[in-house]
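Next come two complexes, and both contain chain A; in the first it sits with chain B, in the second with chain C.
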Partner chain A sequence: MLLSLALAVTVLFVVLRLLGNPVYALINLEATPEDIRAASAALGVDRPIFVQFADYIGGLFRGDLGTSFSSHLSVSDEILRRLNVTVPLTLISFALSVIIAIPVGFIAAWKSRTWYGTAFSAISQLGGAIPVFWVGILLVTLFALNLGVLPAGGFPRQDWADPLDALTSLTLPVLTIAIVSGSELARYVRSATLDILDRDYLRTARALGQPFSTALWRHALRNGIVPVISILAIQLATTFVGAVVVENVFALPGLGDMLIAGIRQQDFPNVQGVLLFSTVLVLVIGFLGDVLQRLLDPRLRSSLSGNRRVKASA
Partner chain B sequence: MSSTRRPRLLVGLAALAISAIALTGCTSNAGSGTSGSDKDPINVGSIYEPTSLDPIKGGSSGITEAFTGNVYEGLFRITDDAKVEPLLATGYKVSEDGLTYTFPLREATFHSGDPVTAEDVVFSLNRILSPESLGARKKQLSVISNVVATDPKTVTVTLSKKSSSFVYNLGYVWIINHKAKDLTSTEDGSGPYTLADYRKGSSISLSPYTKYWGDKPKNAGIEFHYYTDPTALNNALLTGQVDVITGLTSPDALPQFEKSGKFNIIEGTSTTKELLAFNDRVAPFDNVQVRKAIYSAIDRKKLLESIWDGRGQLIGAMVPPSEPGYLDLKDNNPYDVDLAKKLLAESGHADGFSFTLDTPDSGVHPTVAEFIKGELAKINIDVKINLITDDKWAEKVYGAHDFQATMQDHVNDRDIYFYQNPDFYWGYNNADVQKWLDEAEAAATPQEQSDLIAKANKQISDDAASVWLYLNPQLRVAAKDIKGVPVNGMNSLFYVSKITRG
Partner chain C sequence: MSAVMTQGATVRGSRRRALGSINLVVGGILLGIIVLAAIVSIFWTPFDPADTTGGRLADPDGTHWAGTDKLGRDVFTQLLIGARLAITVGIGSVLIAAVLGILIGLLAGFSTRWVDDALTSLLDIAIAFPTLLLAMLIVAWRGASLDSAIIAIGLAGSAVIARLTRVVTQRILAQDYVTAARIAGTSTLGIAREHVLPNLWPTLVVPAALQFGGAVLAEASLSYLGLGSPPPNASWGRLLQEAQATVTVAPLSAILPGILLVITVVGANLLADGLREKLDPTLRRAQ
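Moving on, here comes the complex of A and B:
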């Protein structure tokens, strides 16, 4: 995990610097070549790249993500402030998409031969195929512009001081993400369910006289949940990424907005900060997903302890 | 069968959760902006978020819009109709030789409580002239050779040469408390508003400064809300989240506002000129006839019609009607395809040629570039459009002069002096123009200054130094109950203290 992180940090640092000199994002049409040189020196981007890199890595070890090239504000302060938007947005959307996906996916599989099973399956195909920003635009047109019941975008200046106000601002963005990512998740749930319904052990359980619901609950769920957890971990990470796009559509001042503005202004410290943070987050979520899977699946646990035994005897 | 109940239950739960979320939205007031009374702040929407609160470190038009004249003040103020009037200075005296200016200062205090003194003026002027400063007007203000505080309320500035636009340029220099420490997340100006809250990426809130020396703001405060997407900005006004938007980037949304009947569309003049700029150093654009041929091949009237729906104005040179030196030159290089062909033949390019047009991918530039491509095809000139980002433009075109021709909108007021600088990106080099603009700076009277600028303006037009396609209109849209919105777009100035609701 640390290796992937180190690799990500290095690649990011180098690739960003291929984009050009960030000082050009700051100048006005009167800047002379001397001004540009002096301003480059003030940003420190006139130094050799490995000096800049060493400086950056040194900062990281001190927990310092640097200072924005454009606003000159602390990158970590800025990230922390924006988590007030992005974290609730991601978690609520994720929870909602799970709530949508599990019944929809399950019914689509279990009742696959009925008209509504087919309908659910078609809806989840469609929902997953529409680009997320397009769903956002449709919802804004309907709920904000035509019905006037929800704001078209923005987030209260006081953050969560008035929770109802904050939740209202997040309603359309949450629905947008939940529709798209819920549909994707529903497709996984559907195929996982189809897979289980065909299994011998389910048939055996029924043959032993267990009602369908008991068989499902005792055997199918425990077996079916394991692959779904790894999907959920991936999906949580995807939801986080989806939040980036949605924040732009709804003018939400979250991490996604910071990333996009940072790229546009060649604000390397801000871009590096957001991407580093996201990378760590995705790696941590993946790690937790693995741990959870092992806890739930005895087979994974025994193969781990099996390995240990082999090592110990060697 | 009992087993069917569970999925139903789940579906029910999901439906409940969705409707609960939707209901939270319905019950609270979605449009908090327009429902306010005069005790609520005015909500201003803009797409120009300041990149930083301190333009010395590289700025944008956003900070001029939000702060100049609102939070910070200069010694002078540029008014909405492009006049200069005293602000923190009560006036000025010039020595006989035009090189020494004396500015008596008004009694005023900074938001921190400190009085505005001569020392602060010295600090602020030196700050903009410092080597790493990227402040606006730095180059023109570099005629300053010395600034001293003669006494706590008097500043004396010595210039290295005469500068008739010196006082005007001071209108853009903020006077900052020399004791101020953090200018990137706070401020210490003397304007009618203090910075109440700064949310990078989203908003800037201004509260009235109770000890302001001049007329008190007529509103309870201002909140600037920033949007990256123009559609999101328009939606914010349509749904009442903001009361006024500072500028439309295209007229596409106008019918929406007109149809609803709930908005006033405020049309003023701007100082933003849309240019097709040649690299006058390189062939074939070093040839005046080629440039004139291209100018005459482009139907600017049709272009303005299609981009701005007929709003805005045609200009034939750099100086817009609001500024000294304006001449009506819109037909100086007339739209005449036959003339264009003739000029092109005389220049030795009867069969046409091909060139690359570096086009910023922002705003209307790509659309205008496509239009130009179509027009020039008529005289056998093949345009290859190369889309680049704004930053790439700054690096490639502005910094390295590595281009044949480009598109750009020039926002600044009184910026004809760009044609005086042969090292500017377009590389126009004419000794007469340089001399006249120098003399205009040294002019004794405003009339003399205006006449000399007009001569230079005529010359660059005769030389088709660039193609001045049109002058943008300034379009602001406000809810019907909002009054006192500045009409014109002088650079990006947006004085908010007279905006009222109801």
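Moving on, here comes the complex of A and C:
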């Protein structure tokens, strides 16, 4: 975990240095060589690359991600401020998508011969095929522009001072992400359930006279939940990326907005800060998923987790 | 395994194979429609994509089958060109992912334990890293264009291909016939070419088909965010972004590109599912 973090941090540094000299984003067309030198000195990019790297790592440990080129605010402060939007958006959407996915996926597998089972299967097949921003556009058109019941976008200026106001503006974005990630997750739940319903231990438990619900609860859930957890961890990361896109549909001032604006304005410290933060977040989520899996499944404690992951992706 | 169970597995197997053919056919038809549109767009479009003489936001009629956009450009023309871009993105990024992924995977599979471990842990990070974030990084570096998007998405996909290639390579290298070939004096490159590469195909074709759909979606997201290819040769994602502002006046422009995207991706996913059912060796054994 620490090794992956160190690797990711280094790779990001190298890649972002390859992105071209950030000085050119700061100066104008008529800049003289002196101007360029002055700007380089101000940014510290005229120093040897190893000194810059040491400086960057030192900054990371202090939680210092530099200063934005365009707003001249501290990047880490800006990220923290924007988490006020992105974190609730991600977590509420994720919770809702799990609430949607588990019954939909389970019924799609269990009642696969009924019409609603088939319908749920079809819905879950659409998951991962619908662009999240398109769902956003459709929901805005329906609920905001035609029915006028919810705001089309934006976030209250006073942040969470009025929680109801803030929640109202998050309703459509949350629905958008939850529909898409929920149907995607339902696909995994469906195949996990199908897999379990075929297993011998379930048949044995039923043969021993256990009612179906008891067998399911005692044996199937404990066995079935393990692969689902690693999917949940991946899905949480996907939801976060979904939030990055959806923030742009609804003009929400979150991390995604900061990232896209940063790319457009070539504001390298902002881009680097957000990407770094997201990378660390994704890695930490994955790590926690692994830990949780090991806690729940004694068989995994001794074996390598790497083999399982290959199977899952194959 | 008892006789009853084997029989059960066979029945289930044949049902799944039948399902696989349905998936293949439906997926093939859906994707075929888009490919056809893409090919047609190379030779013919009703209007020039930059032609703005159609009048602004016109409703669909005999001349403009899907109406016009806010600059007076024909929407149907743009949809056709969007199909070409989607297919280009899909094929281009899958090719990049395959070539790069197979090379890295072979390298990891053939090399010493140490190099293999290092490559594998790098690949793990790359797989965990969301495609879209990687794509944004590359767009920030190279600027927004179709090439940037294809390269970025291809790079992101190569990690999964590399991981699978490595596993298959190691499995094949452990076979007796490879040892025999080695003793007979076949070089490492010869073994890779004659024994490993031909055996990769069944494992890689399903993830490649899945990546095709994923690539089209990822490019649409990039374009929607203004980080894809610029108009007039705009992808469906960009069309949706432009249509969002005028959705109350011209709802069709905000619906059609989305439907086409879904058709493309569902088509590719169904094709992948169908191929999986056909190629799954555990099912073939039950036959």
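The definition used in the following text is that the second predicted complex is superposed on the first by the 261 of 314 C-alpha atoms of A that agree within 3 Å, B and C clash if a C-alpha of one lies under 4 Å from a C-alpha of the other, contacts with A are read in each partner's own complex, and residues count from 1 in each chain.
One rule holds in what follows: a contact is a pair of C-beta atoms (placed from the backbone, for glycine too) under 8 Å apart; a residue touches a chain by one contact, two chains touch by 3 or more.
Given the structure is predicted, the values throughout are model-derived calculations rather than measurements.
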Does the superposition put A:99 against chain B (first), chain C (second), both, or neither? first
So in the superposed three-chain picture, is A:168 touching just chain B, just chain C, both, or none of them (first/second/both/neither)? first
Where does A:38 make contact in the superposed view: on chain B (first), on chain C (second), on both, or on neither? first
Given the touch rule stated above, what does A:125 touch, chain B (first), chain C (second), both, or neither? second
Pick one for A:144: touches chain B only (first), chain C only (second), both, or neither. first
Contacts for A:58 in the overlay, against chain B (first) and chain C (second): which applies, first, second, both or neither? neither
I'd like to know which partner A:244 touches here: chain B for first, chain C for second, both or neither. second
Looking at chain A, does chain C or chain B touch more of its residues? B
For A:260, decide between first (touching chain B), second (touching chain C), both and neither. both
Those residues of chain A which chain B touches in one complex and chain C touches in the other: 20, 137, 140, 145, 248-249, 260, 264, 266
Which positions of chain A touch chain B when the two form their complex? 20-36, 38-39, 41-42, 70-73, 78, 81-82, 96, 99-100, 102-104, 106-107, 110, 137, 140, 143-145, 148-155, 157, 164-165, 167-168, 171-172, 174-175, 211-213, 216, 248-251, 253, 257-258, 260-261, 264-266
For the chain B and chain A complex, residues of the former touching the latter: 1-3, 6-7, 10-11, 13-14, 17-18, 21-22, 24-26, 28, 30-31, 49, 51-54, 57-59, 131-134, 136-140, 184-185, 197, 199-203, 205, 223, 225-229, 231-232, 235-236, 238-239, 241, 389-392, 394-395, 398-399, 410, 412, 415, 418
Parts of chain C lying in touch with chain A, wherever the complex brings them together: 12, 120-122, 124-125, 127-130, 132-133, 136-137, 139-141, 160, 163-164, 167, 203, 207, 213, 217, 220-221, 224-227, 237, 240-241, 243-244, 247-248, 251, 254-255, 257-258, 261-262, 265-266, 269-270
Taking the complex as given, what residues does chain A use to touch chain C? 3-4, 7-8, 11, 15-16, 18-20, 125-126, 128-134, 137-138, 140-141, 145-146, 198, 234, 237-238, 240-241, 244-245, 248-249, 259-260, 262-264, 266, 268, 271, 275, 278-279, 282-283, 286, 306, 309-310, 313-314
